[in-house]
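Okay, so chain A shows up in both of these, paired with chain B first and chain C after.
== the complex of A and B ==
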């Protein structure tokens, strides 16, 4: 029984890890292609989720602003949009955001130090957070795109019959795992087997060489930011469905950091494996060690693990080897 | 179109065509430093054109001007009879100018095959959906492009390293892969920045042979930079000599060799 309970904790941990990996993936994509650590990735997920809720509920964007300026009282258009169209429209908005970021920010910072680009993304994070609030209001929103939620009765019954112990597994977590797997497979397929993906890998590897074979860096940057925006949207949908669309959603980015330190900033498989290890590790640690130290280990376990990695393997599990040439 | 002069033949019977690229009064400055001073010369179709000069003469700058990495402050670049507006390097590449770099710019994380395939990116026009389901135009294109790339791989004798990540290759082979990637674009002009630099004698001979064969069999127009005088004289049809950013000589290898200014600037310096 003890063992079975631990396995249940493990499975739940793995599924939580998938959610971390989803966020980490967005970081890796942009970091690989442009060497920019995009601090705004978490806020992008929040913004995408807010926009999706706003569109689906037929909210009027900038309603508060419009009301204050013109003395009217608008809030909703009075229609609702089906989830599929809402998601498609939000994805388009994320592409628009990518183009705006490239044109207004990145373009003017070409060739600057990484720290400057990093600072720019911090600014972008604050801006986006404000923009999201002004556009859609700061209230906690409920996001429901029709993903099944709650404990899966089927799995509980099946494991109960088979093992004599019913596993409690959230159906949303199962769906998140399936969707994340499909997303990763899609991304890997895209980067390995399409022309645009090959160009993306080329840019990630060497800017000068990429230019010399006729690749437009700006196009690739817009593309990568669009993809990262889409990944943010998927992460936003999952986390938003789970715990509501609110400011704290943007803080999931903080959970992605230890994942990245573990997996390496430049590796897509690293983001996945790192996410799984963190998710699994923190749940098991809480289960076995937690009671001895008074619990709440989930708050700090990931960061301590990341610190240990920084000491012993700073490039992460899958990162590029750091070679010092003398 | 260009006022085409009658086709000429090089001494060994190769066809030398009309002027493909004409550089007129190019001046390039970096702040107060003048890297290139009022240089004009042309590149004709089917020839091997060399730019030589001692270190710091401005050869690489010249190549960077041609390939769009530097934009000159003054002067005009005419390509295929049309004046070229200021362009980004990737736009120049799409016009049909492929280049290699003096200190090798390859995609280290990718295999040799993938590296060479990037040279053909601009020949692939299939839309993303077609690539996604691997059907129709995308499939046809990929197969055609792979065939072309395999030809180049055969030609440069790198079959056995096709799947090797480039980062693991020795220097001489990297140079060859870089040449293969440039060739894969089927360029109108192939620009080589010191293709023989840092190679041993055997590697140099191989590279020489490849360059000559390319030009001979496929009629590829080649512009190259080199400071190994012997190599240049054997390879090229015409030579531009640069020194301190100026052009001090232009002509066949024999003409250049006999030019007193070249002798004093180039050979004089190197004998010291």
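== the complex of A and C ==
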């Protein structure tokens, strides 16, 4: 029975890893194309989820500000928007955000050191956090796009018949796995088989060379930030469905960091494999070792695991080896 | 240049509270991972003082100022807020954070300013002989743990022998507070206690709930805050843990904790030491003097919620202590030392609560020089998902003081020895 318990933990760890990988993907996309570690990726997930709830519930954006300035009491338009249209509209808003980020921030920092761009994304994170609160309020929002939650009865019954112990698998995790797989397949297909995707890879390989063959760096940046915005929306939907849309959603970025360290900052498959290893590793460590050391090991163990991998592969499992000749 | 200086000086004078006013800084958090909780509490706290200012002209003719300072539930920021505001004539602080409270205890003791931590903070601060400037009535965490166990005893026909209880707790100073008491209570009543820490903020709890699913405890008790609460209740629903056997402390019992879980949260229980909803006469005045004239904090959007009500209750107790202090001192313009005396002479009876317009809203609060924690009584509420309302399901219950008093004495005496405090009273 102990083996079955451990197997259940392992499967759930893999599922949790997929959720981490969803966040890590956004980081990878932007880093790959522009060499920028986007500190704001977690806040983008929060902002996207808040916007989605706001649109679906027909909330008036900036209602608090409007009420305070004009002495009125507005909160909702009085309509609701179906999830599909809400997601489409939010994706469009994330494209708008990508354009704004390029025009207002990145354009002015072309040629600057990566650390400057990183600092700019820290500023962007704080700005987006405040903007989200002012637009939609800081209350905990319920996000329901129709994704099921709770134990999968079918898997529980099947494993019970087969193994004598019914496994717990959350239906939301199953959906997250399917969606993450589709997302990765879509992203890989896009980067391999489309003109824009190839241009994106060219920019990732060498900015100067890409510019010399007529690829617009600014267009690529807008495109990459838009895709990262969409990935943030997907991550926001998954995590927001799980525990409500609230500020803490932005902190899921902390779970993505060890995934990136392990998988490499430049590899989409690396984000997925890194997520799976982190998810599985932290859950198994908590199961076997946690009780001996007082529990709550998951947050720090993820980083320990990533650091262990870094000792042997500093560029991460799938990262590109950087050779600099002096 | 002179003009600019004069303008800046005028602005500063306007921003700072008038020195004659009663200053009760509101160390709130409306941002950060716990902002959704902190903002409701802060609104209730502000609105009650606004009501007193608008309806009664303040307390004893003195207006009350509640300058806000954002802590983001961050201990360093909380201490900064304290340092930034204490020079403005601050009478009392209520930071709504156990971490900040621990840092402020030595500071308020040195500065001689009252620290009021209702339902949170350092439990042994109940001992006024050691903690002269700290008050935590009506109930503390150990009271909460004891009342929860008493309720479980009731549910189990008076016997918890052989039962299994799991404690799911926020892995912080706050979450660890009840452990010692629950361990002692488990020895006394013969139940097995499993402790399951969750690292804040607590969005990922799968391991802990898989363990609960395997161990099959009879009851789960939770000390959570913020997103940890919603996630725990969702995970409990996911593994089909019976909600009626899942009990949270009062900080795990607000609307924001259960609404995201929807129908699956139905039946979840939590402790509370204050009423909820707007079915109290005080809200007639609140509507007339605060909400309708547009003076409510954030437009009054959270009026009547569990955390709004708790923030308001904290303000009620402080206001009553100020009133008592004014009576004792014979002057409306009191200082923190006089307010301490007011707290120690405080007696909020059921009749007084009725006069305030909050009948049966909280337990009787009677404090003294040595008792800064009141009776410790609390009650249970249960979530009705269909009505989206908390329903009170028990009367106020007294904790097991036979177990708690020795623990409080031991902890506070150890602190006194460490800090070189000579017990008073």
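General observations
Following the convention adopted for this analysis, the second predicted complex is superposed on the first by the 319 of 326 C-alpha atoms of A that agree within 3 Å, B and C clash if a C-alpha of one lies under 4 Å from a C-alpha of the other, contacts with A are read in each partner's own complex, and residues count from 1 in each chain.
The rule is simple: a contact is a pair of C-beta atoms (placed from the backbone, for glycine too) under 8 Å apart; a residue touches a chain by one contact, two chains touch by 3 or more.
Bear in mind that the values here come from a model prediction, so they are computed numbers and not experimental data.
Placing chain B and chain C on a common chain A by superposition gives a fit, with no clash between them. Once chain A of one complex is fitted onto chain A of the other, the partner contacts of A:133 are limited to chain C, with no touch recorded for chain B.
In the superposed model, A:255 makes contact with chain C only, not with chain B.
Applying the stated contact rule after C-alpha superposition, one finds that A:64 touches chain C and leaves chain B untouched.
For the superposed model, the angle subtended at the Cα centre of chain A by chain B and chain C works out to 150 degrees in steps of 10. Once the two structures are superposed, chain B and chain C can be ranked by residues of chain A touched, with C on top.
In the superposition on chain A, A:105 makes contact with neither chain B nor chain C. When the two complexes are overlaid on their common chain A, residue A:12 makes contact with chain C while staying clear of chain B.
Once chain A of one complex is fitted onto chain A of the other, the partner contacts of A:290 are limited to chain C, with no touch recorded for chain B.
In the superposition on chain A, A:247 makes contact with chain C only, not with chain B. In the composite built from the two structures, the nearest CA pair linking chain B and chain C is 36 Å apart.
Within the complex, the chain A residues that touch chain C are 5, 8-9, 12-13, 16, 64, 67-68, 71, 73, 75, 129, 133, 138-144, 149-151, 168, 170, 239, 242-244, 246-249, 251-252, 255, 283, 286-287, 290, 294-296, 298-299. Partner chain B is touched in their complex by these residues of chain A: 189, 193-196, 198-199, 201-202, 204-206, 208-217, 320. By the touch criterion given at the top, residues 30-33, 35-36, 39, 171, 195-199, 201-204, 206-208, 210-211, 213-214, 226-227, 230-231, 234, 237-240, 256, 259-260, 262, 264, 294, 298-299, 301 of chain C touch chain A in their complex. Considering their complex, residues 67, 69, 88-91, 93-94, 98-99, 101, 105-110, 114, 117-119, 121-122, 124, 126, 128, 131-132, 134, 181-182, 185 of chain B touch chain A.
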